[in-house]
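Chain naming follows the written order as A, B, C and D, and within any one chain the residues start at number 1.
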Amino acid sequence: MTSTDTARVVHGPKRPGTPALEARGLTKHFPVHGGLRRGRVVRAVEDVSLALPEGTVTAVVGESGSGKSTLSRLLTRLIAPTAGELLLDGEPVGDSARARRGYAGQVHLVLQDPFSSLNAVHSIRYHLQRPLKLHHGLRGSELDARAAELLERVSLTPAERYLDKFPHELSGGQRQRVAIARGLAVQPRVLLADEPVSMLDVSIRLGVLNLLDELRERERLAILYVTHDIASARYLADTVVVMYAGQIVESGPAVQVTDEPAHPYTRLLLSAAPDPQRREPVLLRGRGAPPSLIDPPSGCRFHPRCPLAMPVCAETAPPVRPAAGDQVAACWLLDPERAPGTTPA
Amino acid sequence: MRTLLRRLGFYLLAGFAAVTLNFFLARLLPGSALQNALAKLRGANLDPDAIRALEAQYGTGGDHSLLSQYLTYLSSLLHGDLGLSTSQSAPVSSILGDTLPWTLGLVGTATALAFVIGTLAGIVVGWKRNGLLDGLLPAVTFFQSVPYFILAFLVMMTLGYFGGFFPYQNGYDIGRHAHLTPGWNGPFVTSVIEHGTLPALTVVLASLAGWVIGMRNMMITTMDEDYVLVAAAKGLPQWRVAAVAARNAILPTISNFALSISLVVTGSLVTEIVFTYPGVGWQIYQAILTGDYPLLQGILLVVVFTVLAVNLVADLAYVALDPRARKEA
Amino acid sequence: MRALRSPKVLAGSVLLLLLLLLAVVGPLIAPHSADWQADRTSGLPLAPSGRFWLGTDQQQHDLFSRLLSGGRDTLLISFLAGMFACLLSVVVGVTAGFVGGLVDDLLSALANIFLALPGLLILMVIMKPLPPSETSNPLLIGSVIALTAWAWGARVLRAQTLALRAADYVEAARVIGERTWRIILFEVVPNLLPILASAFIFTVIYGIGTYTALAWLGVISPASVTWGTVLNEAQSSGAAVNGYWWWYLPPALAVALVGIALALVNFGIDEVINPRLTSARTGRARGVVFRLGLTPVLKTAAPEPAAAPSNPVPLKEAQP
Amino acid sequence: MTGEPVLEVRDLCVDYGVGKGGVRAVTDATLTLRRGEVLGLAGESGSGKSTLAYAVTRLLRAPGVITGGEVRFHGPDGVLDLLEADAATLRRIRWDQISVVFQSAMHALNPVARIDAQLTDALRAHRAQLGPAERRERAVELLRLVGIGEERLRSYPHELSGGMRQRVMIAMALALEPRVVIMDEPTTALDVVTQREILDELMQLKDRLGFAIVFITHDLSLLIELADTIAIMYAGRIVELADAQRLFHSPRHPYTLGLLNSFPALHGERVRMEGIPGAPPALTALPAGCAFHPRCPFALERCAHDVPRLTEPAEPDGAPADRSAACWLHTGGEQVPEPLARVLGSTL
């Protein structure tokens, strides 16, 4: 368990002022259904503190089961956290129905699969106008004008050609643009994107990523980009946050984390990632699969797979330590007392 | 184990619900019909003990509370006592004992035949996919969309009355010139089979389509699975590839069997009425004609328990056939 | 509406409309009223003739008139039963599927119990004591039949709702802050419509069978003549044994015809629900045989392949 | 590219549907797979890469129809055209000579059969002389080959993790020591670490057992690390075919170039990349001429109506090309844009 007596480290891009959205100690334990022993839980997300300042892209990287998708749903309030709190512009968010709707107008989530995130029975117009009606009370001709404008903002032009189409008449990339346009209709401060390009064809992925980057720039959105593709995280994000088994193990400026990873898990991910420039054969830094989150390993959750594990790793969870600059990692190797003479390279 | 226990719990609950419903149905019915029946019984020189028993059964005699009546009812059920038939002055259980074998023989055989033939045909039609057989499906649907007793009329008329291929009345030859002794003797058994043919054919025809179409659709769905293509890619003989698909496709079919068995049984009972077949169905008709509620309710209870038993067997078969279900268990 | 292009569906729809039309105008165009009797003295049914197209029954009612008049209540009640049952199954199925948890467990158990109960027998027990004034009320009879018919639809709808509840577009609707009732009504239910339509058709088939059976067995005696009551009179007069086929055959065929029309329409709905099950016909029509694991080879010079079945050439044992 | 050919595909054409409703999914595909080689087939969804592979094995599902070409398999008994072969011949060759690993092992393993049964059923069909004990021994051996313990023999697929299932699938494909293994996105559904582990094992097994691999994927960056030769497919045609390193460092087709520019790098300076404008066309509405021309930054006037054939490009240094591309830019006379005219220093 992460010790709570030490000062909490908030991950994410460092910017002056109040972040648009901040999560403090966000934790989610799902009850296990169907087990004979009651009270067992899946520790999907454990004590995550994350700040998303406006005009930044934060990438959350991890394997499946690392808790990154759960985190995005916690941040959208689609699921209720077991512990922790959310602050929107520094204010704790309320729990009333009104507060929830207000929150939905500030924080939006773009889902992974554009083929199923749009309802086949509704037109593009319907999809775009619902948030306009819900959050801005727009009526009549204003609706059409705004919907058309939204399509233009995601480069679906001329807009009239798309408004009356149905999802099945569009390509995957166009659908994902519509999904993003729907998010923009909300006029959110924060845009969460859960693997927004992984279902898309390779040649159109960059188009969608570049669109997100433009929105960050133009609309000053705080963007959270959830992905398993560390190369695209490096491409798009200001800050990369690496999750393993429900915990953040490393975070820092994107290029720094990918060029000089501090945590052995980040190094494992990088060594496994496809890299056409690789000359020498791959040396996989660690083996095995992520652990069960019902019964996670003691101490550092990565220690059973870690090639550099020390006795202390199995006993006590490592605290988050600075590595270099804004880069931090939760690893005993960064503790000068615990690992004298060993510096991760 | 857990899933199985859950299912078992469900069957207990369903059985209990049926028994309770049965109890209250009798009491919710407008009194007059029941009183009439009792009055008829009194006039029929029935043993006073029996009348008292009947009164107790319906709570019309003494001033027992509803709860105590209910408990009495439950305890007599547990002893296999289904009450007295008002029209036949005999215990319902003994009437059922006489007629149930006829129904079980007819409906059981017909349903089993229909299921086996239908499933096998569904496998073939699904596997051949584009064969001529597929074109026969609409024709098969004809039998599925016509109520059992209507189909029974049509079968009786075409093959029985006009065709003259089979007898279409009664369970065996009881005509004036017949000299049959019920029992395990050749002439009697032959007669029973002859008389059972048309009702059985009706039940088979009516329920066959459901199995054929269900199994065909499952075969086609399953054949789209990669593991069937893998079987073909392995160079296994055709029949082995088909077997892989069929083995997986049969699982939902078993669930469907359980779901539709109550419709099949009800339909079969009604078919008996058309053919004046001496089974439980015919007793239902008699009970309706004479307003014999104890008999009607006794039959209802037996049918419900039969259906539940078949469901339980189907559940067990499913768990036995699907390792994934076992794991959850 | 592409479903209408299928000849089966077209035939079914036309047949169904025709039958519905007959049910409406039947009593008006019938040569006689349903209760009209030809000759009160004769005790024998008359076979079909030029005067009585479908003959008469023992009471010398004109059976053709009775057939025309009998459809109205029969169809009205079975469609009412279908509607009520669908309403019930939507409420139960969608609630169970969408709410989940204990509510789902209870509603599913309830549906399963109703599936195991023999509906017709229960209806007999319930309806036998009802006076004719009540059994001729279509609304009452329709809803009582519906009580025994909703479980199947509820089960199917629940399963589908369960799948839809997890669909991304439902989650997306939550994300933009849609209210739950709106999500159910506008996101989930529209996607259930094909299944609902199919459930409706099956319930109507069940309804017509059940209602006719109840009348045939004399469990209910509606005030007006229906196909079921004609069958009931035929049954109690031993029409089958005595060979009065014109007495019971026409109403039986009429019921069968409604069932077939509905089943044909259902083919079209099936095509919408599961296109896979019907789509492979295209190739066969052109003489190409598709077999799993044996992709056909149609080598032609023409850019558009012509219709010619592949002839597997016997293997030439390859030369080294 | 030294080994002798095991599988030669010539002018293969595949349609979905027959007659008016049919669309061409693969057009004039020509490929050669050599012994012990990894041949990569890369392309986006709808490019025809999987269609091509399944058509070659005659495993393509309805309404797929092969409408032309030949597929010459060089087996132990000589050369055989798989498109002329009858069902019995195909059955004999399948798995024994050519096996397939599917994308999702979750779906490719029979959920109601145990692992050992699925490992040995092909042995039963093809090696009738083996007894039950020998088959079981072989199953254990195969599992060990992919790093799975004997105790998993009696497991059902749902009891295994995703990575383990894919390993079982690979073990299964190697059961009869085939000459060719066709792999359709075999690791796409897996996490990167598991993917890497399995690919490492696969390459070791390939070196040890000497089979050739046709590796289908949309992930070109992975393929470059993995494959000897790569064929890039677009809208049903092979648009470029070259040695992996040369394809990476000196692409000749604009689509290949665009594809390579669609994968952000793991190293170096962060630069804005553009990918490829537009979206891949639907097979039902292919542009005239070169199907890529509406998205191509270098499109010439003739690209809009003439379909380029796969030919050897004239190399800038005059060296023998030993590669091919289907692009009018390389047919001589045109000024080849710089990114498509690079020369890879070393000859491979």
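To be clear about the criterion, a residue touches a chain if its C-beta (ideal position, glycine included) is under 8 Å from a C-beta of that chain, and two chains touch if they have at least 3 such contacts.
Not measured: the values here are computed from a predicted model.
Note on connectivity: the fewest chain-to-chain touch steps from chain B to chain D number 1.
Once CA atoms are averaged chain by chain and compared with the all-protein CA average, the nearest chain turns out to be C.
With B-C and A-D as the two chain pairs, more C-beta contacts join B-C. We define each chain's centre as the mean of its Cα atoms; on that basis chain B and chain C are separated by 21 Å.
A separation of 33 Å divides the Cα centre of chain A from that of chain D. Distance between chain A and chain C, defined via averaged C-alpha coordinates, is recorded as 50 Å.
Chain A and chain B have Cα centroids separated by 57 Å. Shared interface positions of chain D, i.e. residues touching 2 or more other chains, are given as 59, 61-62, 87, 90.
The set of chain C residues touching two or more other chains comprises 280, 283, 290, 292-293. Multi-chain contact residues of chain B (touching two or more other chains): 129, 224, 229, 232-233. Residues of chain A touching chain D in their complex: 63-64, 171-174, 201-207, 210, 228, 230-232, 234-236, 254-255, 258-259, 268-278, 282, 284, 286-287, 289-290.
Those residues of chain B that touch chain C in the shared complex are 10, 13-14, 17-18, 21, 25, 29-30, 32-33, 129-130, 134, 138, 141-142, 144-151, 153-154, 156-157, 161-162, 168-169, 217, 220-221, 223-224, 228-229, 232-233, 241, 259, 262-263, 265-266, 269-270, 273-274, 284-285, 288-289, 291, 293, 296-297, 299-300, 303-304, 307-308, 311. Note for the complex: chain C touches chain A at residues 167-169, 171-178, 186-187, 190-191.
Remark: chain A residues 76, 78, 100-101, 103-105, 108-109, 111-113, 116-122, 130-131, 134-135, 179, 182, 185-186 touch chain C in the complex.
Partner chain D is touched in their complex by these residues of chain C: 280, 282-283, 286, 288, 290-300, 304-305, 307, 312-320.
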